[in-house]
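Note that chain A is present in both complexes that follow, paired respectively with chain B and with chain C.
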Partner chain A sequence: MLTYLRKRIISSALPLVVVVVGVFALARMTGNPASLYLPLNATQQMRDDFTARNGLDQPLLVQMADYFGGVLRLDFGQSLRTGQDAAAMALRAFPATLQLAATTMVLAIILAVIVGCWAALKPNGIADRISSFISMAAASIPDFWLAIVGIWIFAITLGWVPTSGVTGASAWVLPIATLLLRPFGVLVQIVRGSMVSALSEPYIKLARSRGAGELRVVTHHALRNAAAPALTVAGDLTVGLVNGAVVVETIFGWPGIGKLMIDSILQRDFAVLQAAVLLTAVAIFALNILIDMGYALLDARVRPVTVKA
Partner chain B sequence: MNSAADQATLPRTGPAGVTASQPHDVVLQVSGLAVDIRTHRGTVRAVNGVGFEARAGETLALLGESGCGKSMTAKALAGIMDPVCDLAEGTIVLNGTDLAALTPKERLKFAGPELGIVFQDALTALNPVYTVGTQLGEAFRIHRKLNAKQAKAEAIDLMRRVGIPEPESRVNSYPHQFSGGMRQRILIAMAVALNPRLLIADEPTTALDVTVQAQIMQLLRTLREEGQMAVILITHDLAVVAEEADSVAVMYAGNVVESGPVAEVFADPRHPYTKGLLESVPVNLERGDQLRSIPGSPPELHDIPSGCVYQSRCPLVQDICRAQRPALRPAGRRRADNAAADVDQATSATNDGGTAGRPVRTAACHFSEEITNA
Partner chain C sequence: MTSSSKLPVPVSVLKWPALVAAAALGLAGCSVANSDGAGTGAADTVRVVLGQEPPTLEACESNLTSTGVVVRSNVTEPLIERNPTSGELEPKLATEWKATSDTEWTLKLREGVTFQDGTPFNAEAAAFTIDRAVNSKLGCNVEGYVFGDADLAVKAVDATTLTVTTPEPDPILPLRLSFLEVVPPSTSTTEKVREPIGTGPYKIESWDAGQKITLASWDGYWGDKPAYAKAEYQWRSESSVRAAMITSGEADVAMGLSPDDNIGDLGVDYPNNETVALRMDANEAPLNDIRVRQAINYAIDKEGIVNSLYQGKHQVAAQLVPEGIVGHNSELKGWPFDVEKAKSLVAEAKADGVDTSKQISLVVRSAQFPKITELAQVLQEQLSQAGLNVKLKMLETSQHLTYQVRPFAEDEGAVALMTQHGNQAGDAAFTVDQYMLSNGAQSYFGTPEFDAMIKKADAASGDDRQKAFEEIFAYQNDKVVQFAHISHQTGILGKSKTVNYTPNSSSGDELRVSEMTPAS
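Up next, the complex of A and B:
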């Protein structure tokens, strides 16, 4: 297990470097921060000073070498905008995103498993048709539209929840409901499909022949076999959310990593953008390792072979 | 019905392998069993009016070619039919209780303690994500409410009983870590876990190589003796029937066409299909000789003829065979003895129920007495 983890961590280092290099180069193509941060009537001298002070006059490769040197000392640079440590800003924003993503996914998975299993019990039955309609709709509704309609109905017209911000539990309702819908819809269909095929396997018949009731057959025998495809898709969907539910965070003023990234792109706040991207990338690699460990936990056949002493 | 169900689920005391059944008691009596399959082209009857009986400590073979309804019959007995199948008619009386009249939930109480089933393909029949110990112990957890540790101890005992080496360490292995023969042993262990009165073995050796086949049949025989189980062996292998079974019911296109003690049926078949099957066994053939087979193929379930089901392939076919389906009637040498038995009962291949009575010879052919066996 440890050997496996070590291998995974080493093999994920290169992609991380590639991601940072890409973001580093692309961000600098958006233009010179000097034209954003200095007044319109700033002289060329002032612009050159600003550029030199922030090291932006160096060739790209030199800047990059400097940056990576800093990263190795865990120095991720300062925000141009606030002068704060870029890593600290990213780390401050990240928990808000993680909380939102985790709550959303946990709820989506629980609901999808219940509805998906219910639908799979009788393929093409009434439950199946209803859940198929609901899940198709849920997976297809665009989240920005839903967010705005949600604000209009529940925040403005009914006044039940705040329009934006993180003020108490009620502020969580609309963002989570908005984010939940698509993962829920997609997962219902995955769970339903893999449950239908798991339930038609001979081992299910054999479990019934041992006297296992319907509930035991579904939760004990079929669900664990059906879990792998759902886990794959759930992992993918979680990556989308951890990456910053940019649209939803922006609409609801949620102070998460997605909003931080958008702000720092608009402000040409390169150090913060790089720190945010790097943090997200690390989180996604960690998530992928967790998913792989999940597969191994579910099914002995995909466990890394351990050599017995 | 409830009282019967309760009675049957009373915990049976006594050491492993001892059940209440006396040798040769009729444990299972099936009559008029019919199974319908709902298809896109309408409902078809896959099993039609099948009847037989299984006795404690004896093996009944259900013999027939692919698609004749023998596996469907087994699944109907065990209550594990596919969702598109319906039990249309008939009774399945197991030790005094008609399983066919129970709700699926009531039937669960019988699945395990009264009736066990062994499938053909042991790899797909075992759940890949649980250890064999967990799966072997499940019956004890469900029916005897044992905890995980006790169930595991029972699982180890079972593994030892079916001849799996080092059961203490193998109990934590997963199905894919066993060989085909060992997996089949585990499947058998699972079926006999609670010492059922009836064991249904659905082609238990078809997927195995010949040496392992012999071991598995030996194991089934030993377990049958230990527990005085009635065994229903489903197979298409005439040699297995001849060696293992006491009585045989030959099925064709969803019907039992002939039944009786194996020795009598094989020595003196009274149905042209049985005769054709027996003649297709290669005996004293030279290399290069033509193998004998029954010409034609069984009818599609969608258009089973109204007369005799075997009419299209029968060498003896007459007009009456196309007009009228022959009932299962007493036949063969013991016909005179059997004629005294009630004809209605005879059609379900049973005699009047005496524990010492032997299975009746029956055949469903208008001309069963005209078949000559040289």
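Up next, the complex of A and C:
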């Protein structure tokens, strides 16, 4: 398992470098940020001073070499906008997104497994139809609209939860509910689909004929075999969330990495953008490795050969 | 969610997500990472919600709206202050000032004032502030905005006397100085400072990045003690959420609301000194013909726009500055809405060989102010009615700036740029120099005699100054027509019933907490 991990980490390094170079080059193609940071009536002299002060007058390759030199020393540069250390800004924002994403996905998976299994027990039965309707609706509602309606109903009309912010446990409810719906809807469909086919497999009949209870059949025999596709999709959905729940973070004032990235793009705050993208990329590679290890736990066939049975 | 035994799922399936959850929650306790506990609704705290987090609280950047709204007159104070309602300059840390020669001003400073770190305020501190902001390599925003390239010579004559010498005669130096917030000589001259020390009624208590800034009333303040012991600032980018926070009682004051937010009697209107206009590039056909530019003025139904899009809250504009700014010409009336006249002017130009079918790009910044998309669509339609070929270009801020300020984007053909101009300074020079001089940073063109009029107005003072700028605004509408003015805007501030506060034209740039009191 350790050899496997090591290989995965090494093979992830190259894409990381590509990501960083790509972001670096693309960001600079959007033009000089001087006009964003200087007063509108700034003279050419002020523009030149600004460009020189921030090293933007150097050739692109020199800037890139400087940047990579810095990265190796764990110096990711300073924010143009706030003057703070770019890495510190990214590291401060990331945990907030991670918490939101992890909590959301755990709840989405649990709910989707329950609802999906329930629907799969009697395909085309009433439970199936209801869950189908709910999950399709959940997967299709735009989160922006849902967030605003959620605030209007639950924060203003009913007054049960705060409109936004991060103060206290009740502030988690609306952001998580908004974020949860789409992954939940998608996952219900996947779990239901793979459970329906798993439940019609011969080994299920065999298990039933040996007198296994319905619950045991569903959980021990069918679900274990149906879990892999759900895990794949859940993994992708989690990656999407970790990449930044931009809409939710923006509306609810959640201080996460998605909002930080969008702001740094709009503000041409190159150092912060690079640090945030790099951090997110590292997190996503780590997440992918975790997901692959999850397969190994679920299914002996995909376990690397070095693992002792 | 931790008691997995109750769920119809085997533990092995839950292992992975449960692990992540445990890690995430363990990391967090039950609070969000990047946050620091509870917001309070205590009676001695006023809670303000802004549109964005201040990038910094650096005093020499406080002419930026997002910074100034927290810092100015709360944490730091200027030498001289402009009364936003009367437009008069009033004493703050300087008690009197006068021109002692063409280029020299002498200021008397207030005694008995100390900074929040205990150091005394004196002429040395005032001189240091000017030097740091205007003559240094820091690249302060206020330097470019107010002083341009001009360096100032400052001298502390004695503890309470300061002289400031300008390279050229500058009749509005005191007004320019009102943009400088005073900091103690211990402030770094090599780096900008995120959390400044000032002489104001509040000092910065804490800044939880991404979440909240708290100001606390400072006992050593030289003036009256403010009513609120604390001010808490949060920020939400959606104006509907800011409005919701007022309705639900989570905030007391909300900045920058839209007429769409339907906040009812919790919304207070105030003139925000912003003016919307189209700026037309006369270097390109068909806008190079003055009749086409006049036609655009006639084609826009300003009354209709103000009434239907902005619920009658804005005023039809006839110039770039609203009432209350030195130089505003109250004689000028908005161009009448007359489609037939517009059509015939376009037809005349066409008959004289102007290619009126050439495309005009209507360049607009997304989300610059409420309802801007709708406004842009209305303008596109109305200009088409006059017989012009208009293409709408909605751009983000950074791209929009390449059209807005020199050097302008090249090879773009004819451009009509929608501009929102706010004159924070109260004097038309801050508008005219940029927007109307031939080589102004935001001006497409001018004429030699117009430039001469502007230079003359800049050097004038008193009634002459007022009159000179009035003539400039009339001349632009008559002879130059670079602009098609649309409206003077009105801001909406959300305010809970527990707070007494009357916003004014500078509230968006400088929100004075000491002017707020609890409603009993």
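Keep this in mind: the second predicted complex is superposed on the first by the 306 of 309 C-alpha atoms of A that agree within 3 Å, B and C clash if a C-alpha of one lies under 4 Å from a C-alpha of the other, contacts with A are read in each partner's own complex, and residues count from 1 in each chain.
The definition used in the following text is that contacts are C-beta pairs under 8 Å (C-beta built on N, C-alpha and C of every residue); 3 or more make two chains touch, one makes a residue touch a chain.
Keep in mind that this is a model prediction, so the values were computed, not measured.
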Chain B and chain C placed together on chain A: clash or fit? fit
Report task. Go through the superposed model and pick first if A:212 touches only chain B, second if only chain C, both, or neither. Result -> first
- Task: Check whether A:298 is in contact with chain B, with chain C, with both or with neither, and answer first, second, both or neither.
- Result: both
When the two structures are overlaid on chain A, which partner does A:152 contact: first (chain B), second (chain C), both, or neither?
second
Superposed angle chain B/chain A/chain C, CA centres, nearest 10 degrees, is 160
Request  = Considering only touches as defined above, state whether A:224 meets chain B (first), chain C (second), both or neither.
outcome  = both
Please work out whether A:187 is in contact with chain B alone, chain C alone, both, or neither, and reply first, second, both or neither.
-> neither
Under the stated touch criterion, which partner chain does A:284 make contact with: chain B (first), chain C (second), both, or neither?
neither
- Is A:245 touching the first partner chain B, the second partner chain C, both, or neither of them? neither
The chain contacting more residues of chain A, comparing chain B with chain C, is C
Overlaying both structures gives a minimum C-alpha distance between chain B and chain C, in Å, of 11
Chain A contact set shared between chain B and chain C covers 224, 298
So, in the complex, the side of chain C touching chain A is made of residues 1, 7-10, 12-18, 20-21, 23-25, 27-28, 30-35, 37-39, 55-56, 58, 63, 137, 139, 141, 144-145, 148-149, 191-192, 194, 209-211, 234-238, 240-241, 244-245, 247-248, 250, 396-398, 401-402, 404-405, 433-434, 440-442
Chain B partner, complex, touching residues on chain A are 122, 200-203, 205-213, 216, 221, 224-225, 298-301
Chain A partner, complex, touching residues on chain B are 75, 78-80, 82-83, 105, 108-113, 115-117, 119, 121, 124-131, 138-139, 142-143, 174, 176, 187, 190-191, 193
The chain A residues in contact with chain C across the complex are 30-31, 33, 35-43, 45-46, 49-50, 53, 81-84, 89, 92-93, 95-96, 98-100, 102-103, 105-107, 109-110, 113-114, 117, 148, 151-152, 155-156, 159, 162-169, 171-172, 215, 218-220, 223-224, 227, 231, 234, 250-256, 266, 268, 290-291, 294, 297-298
